[in-house]
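These are the structures, in structure tokens.
There are two complexes below, and they share subunit A, which is joined by subunit B in the first and by subunit C in the second.
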Partner chain A sequence: MIPPKASDTAVFDDICTIVWRVLDVEPGDIEITPDDSLTDDLGLESIDLVTIGAMLIERYGEQVNLAAHLAEMDIDDVIALRIGELADFVTARLADEQLAER
Partner chain B sequence: MGMATVNGLETHYQWMQARDRSRPVPTVVCVHGLGYDSLASFYLTLASPVSSAGIDVLTYDLRGHGRSVRPPTGYRLADFVDDLEALLDELGVHHPVHLVGNSFGGTIAFSFAAKYPDRVASIVSIEAEPATEPWSDKMGRTFRNTIEAMGDDRYLGWVGETFGSHYVRLTKAAATVIRSTTLVEEVALGPLLDADGLAAISCPVLSILGSDGFQSDDLHAVQSSLPDCRTEVIDGQNHSVLVERHPTVRTMLLSWIAEHETARFAFAEDGAA
Partner chain C sequence: MTDVTNEPILRLHAPTPGDLAELLAGPDAHLLALADAAPAGGSGGGSGGCRLGVVAPNAKRLALARKVVGRGRPWRGRNEVWFSPAPLLADRPGGLAFVFPGLEAEFAPQVDDIAAWLGVAPPERNVATLGTHAASVLAVGRLLDAALRRLGIRPDATAGHSIGEWGAMFAGGILSGSAFDDLIGRGHLDDLRVPGLEFAALGCGVAPVAEAIAGRADVVISHENSTNQTVVCGPAPELAEIVDAFRARGVICQILPFRSGFHTPMLGPYVAPFRDSLLSLDLRAPAMPVWSATTAEPFPAQAGDIGRLCVRHMLEPVRFRGLVEQMHAAGIRVFVQAGPGQLGSLIDDTLRDSDHLTIAANSMHRSGLAQLRRLAVALWVEGGAPDFAALDADVAASAETAASAETAVPAEAVRPADVAISPVLARLHQLGTRVPAAAEFGALLSDLAESVVAVLEAAGAAPEPVAPPEPIRATDTTLHVSTSAMPYLLDHCLAAQRDGWPDETDRRPVVPATTTIWHMMRAAEQAAPGRTAIGVDDVVLHRWLVAAPAQDLAVRTRPVGVDRVHVSVGDFAEATVLLGNPEAAPSAWRPEPGEHTPTLSAADLYEQRWMFHGPGFQAVSACRAVADRSARADLTVPDAPGALLDGVGQVLGLWLIEREERWVAFPVRIARIRFHTAEPSPGTRLECTVRIRDIAPDAVEAEAQLTVSGRVVVSISGWHDRRFDGGGRLGDIHRFPQLSTLSEHQPGGWWLLADPWRGIAARELSLHKYLGAAERDEYNARPVRDRRRWLLQRVVVKDAVRGWMWDRGAGPLFPAEIAVVDTGTSRCTAVGQHGLHLPDLDIAVAHCGEIAAATVQEQGPTRNIIHIEEAKHAVTPANDPSTSVVRNPEGLPARQYLVRWADSAMTDQTPQRGSKEITP
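For the complex of A and B:
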């Protein structure tokens, strides 16, 4: 596992890389912004969220548990999830971990 | 992400295993429904919180669905039952498991329990019923209506306006499965369960239904057809019980597992098992 980078921008970049891999396109082929919704704008399906969850754990470790996060949300909110919200979730979990380590 | 070869087909599964291994760990196996369904319905709702409660949770994509291989033929109910048995064997799961089946996944669970009663500790069926003649008729009608609707662009327009573009994509995905396989022709062939088959489902069953779901015509038909079944009805809910009411389903499931695991291990500790 690669140690997580510190900045929010780095997390956003990581998520873009993961989404491009899931979409099976070259990095940058599809422009991704924090406002993009994973389903409506990027065309991802619910099974893709499973893959993204696994890739986030691979990247950051078990503390970034997307499945646990989404299980606390309504289905409409899951469908409407935006890239920026996903980045905020990852950043918050990493911050939680850093606090726990102190 | 795990891939296992099941009856010659690459099958996608996800294990969420309980961290605490100091006491007996029950196993829940989640079986999703047909069409646009996949293991995601369970993975994104129940799997993580149930695993956190100290339970191993196995979810998998049925043949032709999600990330599993989509063969052109081989979609009888019996094929799905055989796949479940082969997957459990492949993963070394030989103890009785709690099957949680959503819609057609529940139908698979019932037929699996009738065929392999020693491998099932209990069933939690969500908007599901066993594969009987009435079920086969209902499936046939549903498939015919779905295929007819999918051929009409106005239907997709209505889906988009009513439920949003996400559901349009799901509907198109279901259409792809239906058009590229013999699923529609084969699923309802069963084999169906007769009275002896239903009696063979000897494990305890929790049937969770929406009051406005697919069994709204008789909410206790499943219970009255099985030896040991309890029914919970969620008022004002349609067929989408799992995704729309997953916190309620989670509470019911955890309570059900606790009740039946206590009984199971107390039984074993008495030396009677």
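For the complex of A and C:
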């Protein structure tokens, strides 16, 4: 279990919005928690990660490159990816970017 | 696995989402009590309306169900709720496909409980080598195919991804069970491998990939999987480079854990042994469309063509995206994934914006039977009719043994494992002489031997789900006939009415004979799960099957032999349906000498209303030729069920129109129909030849062949049409009732109608063009012997009124737009219906013997009068100008009449001399 940090709340909300869109449901129809696995709990397939990756780029810009991030993981970790981990990844990349801008 | 078997299921249906919402508005406790009962809801169990299914309903799921129903959009399975406001399979025959997965990184089928349920040994699951992995995937696919059929779920088409295509060939009838075993056992699956080649899945469409590898020979596209996934194949270092470049662009990529070079030209030097094995198999014409991912089209029917396509399949890219798009375009809406894994997500990705359902028959997340339960719910919600009882019946039984009479095959019947081991070894030897890479050979050989053993073991243990057919059941079901359940019937209405006409019954939508036949074939297949209807004998059509008002008909199946079942649809129609493998096709007929080009084009047939069929039944796409005893035309299979064979009737109609005065005809009896391949799918173009066997004034007998590229796919003999009067005015009223009359306008301004109908059937055909619903009730309330008189009078009055209106500039007027109201003996007036305004009219009408007459004027100070009497002997020439002598036309008893008409204005006119003799 990876609880969201306070500062992550906005990112977590964004990710929920993206996942609902990918699932083609209205916001809130399906409850999403940080502990949910994308595949087992939310029923997403690997092809859906492609869509999520594209939507993250659309939302945050090129520096949030899910493709590069997943490339560093092995296949079992990709399959077991949780919403909280996804939020952490985005938060970390955004923080990197802020550092780079200073 | 935390499955509770026999989870309760709540199923509800209602005409509209609003009605469904009302059903759901009740307290949870009430709804929970409905779970596992037969589906609850309004207005019958028809496939129309909208449907909701909830697995293991609880407060949370019911709340979600209320929400999605309230929104009125489809919701397909998330959180165990299924909802379809417009079920995908309702009135979409041919809408369901089985789709067989190929190799996937993860392979964790849950099938042990399914095998126990079917009473067969569970399939081997062994992913040690490419060959064993492939054999395991295929064995699981085959088991699931049997399980689906046990549930009464039957594919209308099949397809597969990569090696899954072989599963599709089995399920679709190209490969028999033993040929399928041979393919796996002798197919040298491990041989199909190019050393050093890898696959990479790229998370983008084909265009950027094609651009990136343009000009390269070492890396090629092997799979166009979906809108957002393309697979490339090449040597590992080159692939790594490409993957890095795409990742840098934010594209998600994955190197796949298979090395084979399958679906690329690089495999070319390695396919010979497999190809030889494959081409030695018994390849049959498909029993249904089996779609090729190489061509994105259905497989051909000839063994040679099938074999060639199988070889291309190994060397050319898998065009799965194009395949899915084409299948959707051909009407497939439900894709049942016959295996575990992610194949459905590729379909969803491709069909993101198109209405469809993908549902897996197996899932790693729950037990096999629990997933089948969800699949059954999903299909029911889309208008399917899975056999829930079979699912429930099992769970108790599966604990027991396979002893029950229902189980497919006793263990002893399973193929023994001694399948020609020595030929396999012989082929191994042969292989040694052919494989070019000698250095690879040792490893290859040992791998291959291992896989062959594993495969043979698997084959030995594998279920033989189609082996001895189950006996055909006697079934009693209900067919709901209405235009909402069968919207295509709006294109098959016998009585045209003004656009926007509110009363559907006045249009007289009828179920075509051939659509009834289609339903009887489906009913027969339901009675014999897993078997296919390949022919129909002794079709008798007793009377019109009218769809408005809606009716529910009892459909009964009664087995009359091992492979024959008698089917009746109410008291409207009956036939004997044949089940099994298609019979060999006869050779195609040669054109009859003396053919000439028809005067009518296909467009003319419909635009000039020689055929009343709307677009859904306009099967003729080109009129080719007519001759003394034959006609030829091209047909393009329309979407509506049965519309193809209706097209055969239209080609017969073409011959009658071109050659005969009396051209209106409808089928009453068909002795024999054979489908020599799977029923051609919508959009298929065929040639139809109809030969006239016999023609009489009231009947015509024909035979027909439907061919594709010179091969006969359907043959028909003993097609009997009943002929109706279609010449002259009857033909005109048949084609353009709004512009034509059955009665004739007479000098002097009155209208005359002599009985044009030879028999009650012909009369009733006209009746529906002339009378609205209320008037039909009136007609039916008349004593039988008075009906002709009554109808003659109605028709002549309506024609007289329309003529009067046309004389004053009115446009097209359908007879039903004018209601006739009796105002006294031989007097009436007319009232416009549904928006037509008529002035107050004074109408006189008279009848005698076989004729009726009417005259019309606007109401005023004078009154119309008309009178008819039979003139027994010589006609007395009348001095009265408003007198005519009328003779019955030919075909009616020789009689003559004296007709007198007048109104007060006319009596003041100067008398004319003589009488007019008229033959209407």
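Here is the rule we use: the second predicted complex is superposed on the first by the 95 of 102 C-alpha atoms of A that agree within 3 Å, B and C clash if a C-alpha of one lies under 4 Å from a C-alpha of the other, contacts with A are read in each partner's own complex, and residues count from 1 in each chain.
Throughout what follows, a residue touches a chain if its C-beta (ideal position, glycine included) is under 8 Å from a C-beta of that chain, and two chains touch if they have at least 3 such contacts.
These numbers come from a predicted model, not from an experiment.
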item: Side-by-side fit of subunit B and subunit C on subunit A, or clash; value: clash
item: Partner chain(s) touched by A:88 [first = subunit B, second = subunit C, both, neither]; value: neither
item: Partner chain in contact with A:23 - subunit B first, subunit C second, else both or neither; value: second
item: Superposed model, subunit A: greater residue contact from subunit B or subunit C; value: C
item: Which of subunit B and subunit C A:57 touches, first, second, both or neither; value: second
item: First (subunit B), second (subunit C), both or neither touched by A:79; value: both
item: Contacts of A:47 with subunit B and subunit C, given as first, second, both or neither; value: both
item: Partner chain in contact with A:67 - subunit B first, subunit C second, else both or neither; value: both
item: Clash with subunit B, by subunit C stretch, listed 27-35, 45-53, 81-89 or 207-215; value: 207-215
item: Footprint overlap on subunit A, where subunit B in one structure and subunit C in the other make contact; value: 40, 43, 45-47, 49-51, 53-54, 65, 67-68, 70-71, 75, 78-79
item: Subunit A-touching residues of subunit C, taken from the complex the two chains share; value: 64, 67-68, 71, 75, 78-79, 105-106, 203-204, 226, 228-229, 243, 246-254, 257, 342, 344-346, 348-349, 365
item: Footprint of subunit A on subunit B - complex, ascending; value: 1, 14, 16, 38-41, 43-49, 52, 61, 66-67, 164-166, 169-170, 173, 243-244, 246, 250
item: Complex contacts: residues of subunit A adjacent to subunit B; value: 39-40, 43, 45-47, 49-51, 53-54, 65, 67-68, 70-71, 75, 78-79
item: Complex contacts: residues of subunit A adjacent to subunit C; value: 23, 25-26, 29-30, 40, 43, 45-51, 53-54, 57, 62, 65-68, 70-71, 75, 78-79
